[in-house]
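This is the structure I have questions about; it appears just below.
Note that the chains take the letters A, B and C in the order they are written out, and that residue 1 is the start of every chain.
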Amino acid sequence: MTSSLRVDKQTCDLSSEIGITMLDLIRELFPIGRSITGPGLRATIQCLSKIVPLQITEVPSGTQVFDWTVPDEWSIDEAFIENERGQRIVDLRDSSLHVVAYSVPIDAEMTLSELKPHLHSLPAHPDWIPFRNSYYARNWGFCVTDRLLQSLPEGRYRVVIRSSLAPGSLTLAEYVHRGASDEEVVIFAHDCHPSLANDNLSGLAVAINLAAYLRAQETRYTYRFVFAPATIGSITWLATNESTLHRIKHGLVLSLLGNRGPLRYKITRSGDLTIDRAAWHVLRTEFASSKRLEFSPWGYDERQFASPGINLPVGALMRSQSGEYPEYHTSADNLTLLSPEELGQSWLACLKIFEVLEGNVRYRNLQPKGEPQLGRRGLYQQIGGYFAEVPHRKLALLWILNQSDGACSLLDIAERSQLPFSVIVNAAAELEQAGLLAPVC
Amino acid sequence: MTSSLRVDKQTCDLSSEIGITMLDLIRELFPIGRSITGPGLRATIQCLSKIVPLQITEVPSGTQVFDWTVPDEWSIDEAFIENERGQRIVDLRDSSLHVVAYSVPIDAEMTLSELKPHLHSLPAHPDWIPFRNSYYARNWGFCVTDRLLQSLPEGRYRVVIRSSLAPGSLTLAEYVHRGASDEEVVIFAHDCHPSLANDNLSGLAVAINLAAYLRAQETRYTYRFVFAPATIGSITWLATNESTLHRIKHGLVLSLLGNRGPLRYKITRSGDLTIDRAAWHVLRTEFASSKRLEFSPWGYDERQFASPGINLPVGALMRSQSGEYPEYHTSADNLTLLSPEELGQSWLACLKIFEVLEGNVRYRNLQPKGEPQLGRRGLYQQIGGYFAEVPHRKLALLWILNQSDGACSLLDIAERSQLPFSVIVNAAAELEQAGLLAPVC
Amino acid sequence: MTSSLRVDKQTCDLSSEIGITMLDLIRELFPIGRSITGPGLRATIQCLSKIVPLQITEVPSGTQVFDWTVPDEWSIDEAFIENERGQRIVDLRDSSLHVVAYSVPIDAEMTLSELKPHLHSLPAHPDWIPFRNSYYARNWGFCVTDRLLQSLPEGRYRVVIRSSLAPGSLTLAEYVHRGASDEEVVIFAHDCHPSLANDNLSGLAVAINLAAYLRAQETRYTYRFVFAPATIGSITWLATNESTLHRIKHGLVLSLLGNRGPLRYKITRSGDLTIDRAAWHVLRTEFASSKRLEFSPWGYDERQFASPGINLPVGALMRSQSGEYPEYHTSADNLTLLSPEELGQSWLACLKIFEVLEGNVRYRNLQPKGEPQLGRRGLYQQIGGYFAEVPHRKLALLWILNQSDGACSLLDIAERSQLPFSVIVNAAAELEQAGLLAPVC
């Protein structure tokens, strides 16, 4: 029953090193032109598979997934705009953001005023390229800096998009770490965004490195890591796995985890589930300035997990909320936004949340009348009288003995005492070894 | 089931106009010498009847009403104090506040020291006349400015009060707007105070204009407007209508609604009823600086509705609490204290509260697994990617879909999302029309 | 059922006088060298017995008490350190703190470096002597000022401790004030600390004077005052009285009650029991700057009452928390730390808490429909109209009538109205006398 997963000092120290590894991975993934289907998505999964082997599922275009239909597969070879002098003023090769995702093919000449409705820019940030898509309405367009847009002279332009939009499939990828129980913890990260670093290469990097770490561990729960496009991907995964969703007991959506700023946990639709309590306990006791965000049906794929017909216990961990930082969905969401320290800390926070989920058992105090005499069991100093600073470990011993009536879990005790869970779980092990505590089955 | 009551922009715009109408009405009612019984009370009701026809009930003096007895009817023709030179230094014709309400008749000469115990003034506000009454102890008295009182020379004074205190009746008035259901919303305003503007001509004006507005509307609930004297009047109304009080599902006591300052809602004895939630939701989301007041058994007629043997779901809406503004119960509570904007806004707030009561139904999401694809139903923009500012309407669509599991009402959703109820109710209508939502019977 | 215990103005005035008496008692007790067993403990109980007669129980060494064993009895006749010139540089006669409690006998010569591991001092407070003990590990030691320790020259020292550690007994003392019911309120104060004033001669002084005051009163509850050593004493008392612990309905541990600073109430393990509500209601409404402390399994003997196998409704009243004031467990916790005002106020607060426990009954309003007419019963002024300042007594009448549906207790009403309990209990008596209220059996 009890897990061997303990996030000790060694693992904490490891997190800085892992942060650097993650940044390297992100650097490799960044140039790939991903979308919700197609070769860029597959190349991304290929790259992640080098870290842990992923199971890949291709869901054919046209498959009905709840209220949606898996769209045609989109691929793009070339896209540019040429001016009258034959100069390529916009070229997909410069940035995967330059073409509106799911643009239909075109090869045509037109005037500036015909072209302009198809050009997207950000006047407030004249040097940034926005990210735009048109997944479900057939259209085409280019995303450019506002500085370029404003400088375009009247005249004729040649517009070329060599894309294909045809039946194919949507690619899902999973890694399953088997635990002692069939009950699952699901970790979801979306993998459909083009050259954007924080959103969501950071989430992919954290998730795949959690998978890699767990590989060497024995756990109580089975951990399922799902990599899928946002919205249509999570809906497709939920629809094609509906019969086994009941195994999911806890879950986290991971996104936007590499930028500077405190960790934020967004609660589930219910808000008071074990994952909510575990995540917030870890953040408030161990990660300074963390924030607990209220639930809202806006954000990333936690929305799908939270829909009333699915209603799974899945929260979301992030450092920024989508749409809340200016670089969001622009070319400025690049590698300069990320820090290895933050990536490593995000990874560590997840592990510490897993540690709580794994170690959250209930005990019974076997000497419940008065405090047991800890001194003669070597759990207490022998010269008494100076109590000014009571160490965490000693307080943890007393809290566990006081609360362990068989109904309180270690997470209950950690919350009430406001001591880090890792201190509580280690103190419980000491008391169990001393014969003062027995687990409640 | 569903109400047609929608407080749209047109109604909001109307509120300023109605504010001016209300101030005119108050100007007309102000000089009338009202009391808890008698001709002034009847004249007031007559005047209100010109706006909507009121049902009048006369309850005879001596009728036992719970722990009380309907008192004798009081009327007054003339009252003055003359000095030795025959000058009228105090005269009822100058202010209906000059005589202590329910003063017994007197025609006598006396010294200043005999007179003084019968004179009431406000030393802290030397130019204001206080309002005093002696409804249940036979007595007489005059209310005067402290400046006059301090200036009175020794000498003899003639005191004349030509009043009558004899069996008659206490006058109750009602307007009932029939809705689809027999279930009632009760609106109560006290109508017994003499020339005081905010307390409670403002309440009368708001109530009668709500009645006039509802006349042209189809509603789910029946709305019962009750005009009665404070305390003895509400007790008399409750006692004489005891057998039908069970129809009351929600209610508001209206008073002190014309002065400047934020709206305040005083919760019911229970504090968590639908009326409490509806009123506070409207105030906090739509009326800046509003306050939610705790329940207390002090104030106006909400006290009677809240007595343990009655215990009806009736809150109180006001801008000031009784006794909390210096002009309260003095001649300074006059027309200069009132503003048409505030009157109109008070009226609008009541309507918006009614809108919540009317529209607070439960729906079931008919596509509950994942989010439904709003784009193909024309409920969502087609070019995605820029989410920085999500409009209220779109958030409302997502909140309703997420929460509509058949147990959550629209008010629950409005509270959780902190979106104005009107946005929620309109978004629910759009979703119902798109076939995504069905009402729960 | 109803108690006659009323804390009126006379009792409040008495508290300053009692404060002075308490300080005199503490002055008498201060020099006695107390420990968890032995002659000093017995002398202390002897001294308290002069105020109210105490029942004394001697529990033999070796008795098994839950997880503990009653230790051998310790006594000490003489203890000193002499330098090479035969000068006594440390002498027990100067302070009972100089010897580590439960030091084994020794008469030996040694070098400074052999001696030093047995010397305890406080470098941060070079002129204070710490209090140390070694109850359960056989050892010996001296507590000295750091100034002395630092000044000791190299050389040989003679160390003499003439103590005895042999089978004997641990002394418990009780005073029981019989009330109408067998249900008990337990008051616990620890009595084992040597020459420390606030900890816990202040607790002993308050407790014994509460016992003396209650002697002349008729009460509903039986009050049991227990004087015992900390930890081993409370465990011994609980173990030897286990069969009658079920009678305890409320309780307080009293300690650290004489120093300056606001009163603090530490809640029980449950936190929402009647004793928690009564104590905090009294403190917040009547003792400025009071604090409500969360439960923690650290502190004094409330820890034993709160152990899961005992789990009694016992809170703790104090002015400082153990370990939180710098003088704690040092020679600076002496008489200069105490003030008679604070001692008197602590005593008064306990009485007021008892008043709530005694008077916390439920009533039913006999005229529950609307407000009863208080005026004709002489409970209300007869000239109405000026409500600016509603006196506490009038509000109390209205709150009691409004809330007394048979389910609300007077403490419920006091909490909701935020009026002092004494105002509520007196207003309830007026209403009962007027025939408007009947107690619920």
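One rule holds for everything that comes next: a residue touches a chain if its C-beta (ideal position, glycine included) is under 8 Å from a C-beta of that chain, and two chains touch if they have at least 3 such contacts.
Everything numeric in this text was worked out from a predicted model, so none of it was measured.
A.B. asks: Rounded to the nearest 5 degrees, what is the angle of the rotation that puts chain A onto chain C, matching CA atoms?
C.D. replies: A turn of 120 degrees brings the C-alpha atoms of chain A onto chain C.
A.B. asks: Shared numbers divided by all numbers used: is that above or below half for chain B and chain C, i.e. same or different?
C.D. replies: Both copies touch with mostly different residues.
A.B. asks: Roughly how far is chain B from chain C, centre to centre by C-alpha average, rounded to an integer in Å?
C.D. replies: Here the centre of chain C sits 53 Å away from the centre of chain B.
A.B. asks: Multi-chain contacts in chain B: which residues touch at least two other chains?
C.D. replies: none
A.B. asks: What does chain C use to touch chain A in their complex?
C.D. replies: Those in contact with chain A are residues 65-68, 100, 120, 130-137, 139, 141, 231, 234-235, 238-239, 242, 269, 296-298, 303-304, 306-310, 322-323, 328-329.
A.B. asks: If we count contacts the way the header does, which residues on chain B are in touch with chain A in the complex?
C.D. replies: It is residues 365, 367-373, 375-376, 382-390, 395, 398-399, 401-405, 417 of chain B that touch chain A.
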